[in-house]
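By written order: A, B and C. Residues from 1 in each chain.
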Amino acid sequence: MATEIPIIMIREIAYTYPNGTEALKNINLNIFKGELVAIMGKNGAGKTSLIRTLNGLIIPTQGNIYIDNESISSKSIATLSKKVGIIFQNPFHQLFSNSVEEEIKFSLKSFVLDKEEIQIRINKILHEFNLEKYRKRSPLNLSGGESKKLAIASIICRDPEILVFDEPTLGQDAKEIEFFINLIKNERKRGKTIIIITHNIEFAYEYLPRTILMTDGQIIADGPTKEILNNEILIQQTSLILPQIWQFRSALKENNFPKTGDILSKNALISYIRNYLKNKSLKI
Amino acid sequence: MSLEFLNAFKFMKKNSILHNLDPRAKLVFSIVYTICALLFTEIIPLLFIFLSLVPLILIGKLFKQWIKSIRGLSFLIIFIIILNTLFISLSFAIAMILRIYIMISAFSIFFLTVDPNDLALSLISMKIPYEFAFAFSLAFRFVPTIANEAQNILDAQQSRGYEMQKKGLINQIKNLFPLLIPLIICSIKRAFNVAEALESRAFGSRKERTYYYSIKYTLKDWIFTMYLLLFLTFTIFIRIQFNFLPEFLMWSLPV
Amino acid sequence: MDLIKFENFYYRYKGNEEYALNNINLKIEDNKFILLCGETGSGKTTLIRCMNGLIPQFYAGFYKGKVEFWNGKNTVETPIADLSTEIGIVFQNPENQLIAMNVEHEIAFGLENLGVPVKEISKRIKESASITEIEHILDKAPFELSGGEQQRVAIASILVLEPKILILDEPTALLDPYMANKIINLLNEIKSEKNISILISEHRLDLILPFSQQIILIKNGSIIEHGYSEQVINGINFQTLRLNKPVIYSIFSTLKKENLYNKNIPASIPEAVRSLK
């Protein structure tokens, strides 16, 4: 990894909105191909502004961004969106076609593909996302969960190298989140780089290896998720809360349970309690 | 035409004499200036009327926003100059531009300094039913929200490769569907959400409604209204006596 | 005392063949903190709309059975406006509930509609603003506020109507974790101070479980369980529903399966620690 060039290189970018709000201040960031990264922070910290710079929706007022070792400053959004697929929070901001099939077709419009190839891609994506039964249905008649899937499908069918999700687990139950987790696992296997903005601490802790913490338009931490979410000062600064595992460990420590410092992971916690309970029952 | 032009009509809370006047006095202001603008087709009188707006703009601390609206209009202005010059005369064209500036400024000042709430209250005081006045102020309240939504929709569609078309009128219209349909759907959903929230807070349940805030005409407002009426009377007088007044008022460019 | 009573209630939205709610028999008590949870599409929002008359008065559709209140009012004959002083609902997106140009007027709005005298409105605004800690932003415009502040304003504007129950539909959805936690704590305080019931529909169970006294489980439009939290959490329904269960739940239910732990699965961290001692 040391000799590899990051697929995304952000060098000292800053951005101020026309109304004067400084959304991004001196951001420096490297993301390597195949990584799975979480971006977390308070509302208004600059997370969505940052991802918008990746496909050209926002052009930084200073600094440079390189994707695949090429500067993106002169590229159009249409071009960049082929490399960077951003899936925003609200699927109803994009669904408009007469049918689910048409919706996918629309996403493929900017690619030069013959009719057969388009049909193949549509079939494949509908199958992958379990939306085949809704093929002819209007996207506006889908349930919340299905429409979110369709929104994701309509970006993934374009096969971008980099996938960016804005709050994908919002309002989702366990089975929908499980589908999403499998989805990102599959995409990762295919070599895609995935960036996820999330507030879901437990989700990030469990599935996202690297976390970037933002506050006030700046990156204040960047590293392994498990470490960062264990840092009480950082947690406080960014309006997050400790994952339950660490909360539990703190509570055990406060209640004078022995050797809580050994608990360094979820499995370690389970083992700890297991042993504790075994010892307890032996004493009786 | 840039959407920035709309900024000229966005209310912003400020502490100025103009902001503190009763909204009805400001409505009188907009109407009076519009009438005055329509009375003349000659450059000089219109110029005077236009310049009389400037002190008000400065008092209301509205200069920056007002300049933005002028800039936003510039495209339209060029269009008007060309058409009018071709068909009538350059003088007429300039006069028409001044007219437009006066009318737009008059209403811009109104919208910039009237709180939508107060607007609703002034409509009610003119015996307009509460539901209509409320719907009006609600529209204002949601303009920034809908503008924001439109931007989010554009972002989402562009992220899937959607591009704004540059050629072909029919194409351009068809190309707006990916933007308009989500906007309409989201607005309808929002309307339902707002409606059910209003219902749940007893909206429209009683004829006898309390008004927590009220607007009252004070001495300042009467003075301002008097000034406006005098201004109007004076302007009408000038119009009627126009042909007996000094030549310079009727000056026009030799084109 | 039962505040709201559903008796054999069915409902389907106009134009839909399927019933959104099937044979609901439910009693909502006073002075309780209740969690309503279920998978997406199970009917949570629909159920909430039934509690103040929006269904069937605002959302036309076909219904059977009845929904009654402790004072004899019901959702068919009593106008929604009359029910607004008994049942308060804070909907999902605060943006769509804040309609005034400043916070103070927002809070006054409901009372204005009811014809309450200005002096009384003034008094109640002070109270509401104080309990939701928004006294310092009374003159701000709603769109200038942060998500947490907006949520508190929405809550204050309903609280001011002095309902016996405050119902919230996914109140923490748009909030960051710290803010979400603060709001749930605030709701618990409001319950104690005002002696009202709080009913929350939520996906983020880890935040609510420490506070909830009762849990209602809904699946495919039917209530599959309603009972005290300790009961429901340890039951088979809670286990099988695809809900976002807290990490401590999965830890302790695993240990329970291994027969190492035989007490109630804890709903909060302090409870978990206590149960180990």
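Throughout what follows, contacts are C-beta pairs under 8 Å (C-beta built on N, C-alpha and C of every residue); 3 or more make two chains touch, one makes a residue touch a chain.
Predicted model, so just to flag it, every value in this text is computed and none were measured.
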From subunit C, the most remote chain by mean C-alpha position: B
Pair exhibiting more inter-chain C-beta contacts, A-B or A-C: A-C
Subunit A-subunit B separation of Cα centroids, rounded to whole Å: 43
Rounded Å distance, subunit A centre to subunit C centre (Cα mean): 29
Contacts with two or more other chains, residues of subunit C listed in rising order: none
Partner subunit B, residues of subunit C touching it in the complex: 49, 52, 54, 58, 79-82, 84-85, 88-89, 91-93, 95-97, 99-102, 104-105, 108-118, 121-122, 141, 143, 157-158, 161
Subunit A-facing residues of subunit B, complex: 149, 152-153, 155-163, 177-178, 181-182, 185-186, 189
Complex contact set, residues of subunit B against subunit C: 13, 115-117, 137-138, 141, 144-145, 190, 193-206, 208-213
Complex contacts: residues of subunit C adjacent to subunit A: 39-41, 146-147, 170, 173-179, 181, 203, 206, 242-248, 251, 254-255, 258, 260-261, 269-270, 272-273, 276-277
Residue ranges of subunit A in contact with subunit B within the complex: 52, 55, 57, 77-78, 81-82, 85-88, 90, 92-96, 106-107, 109-111, 140, 154-155, 158
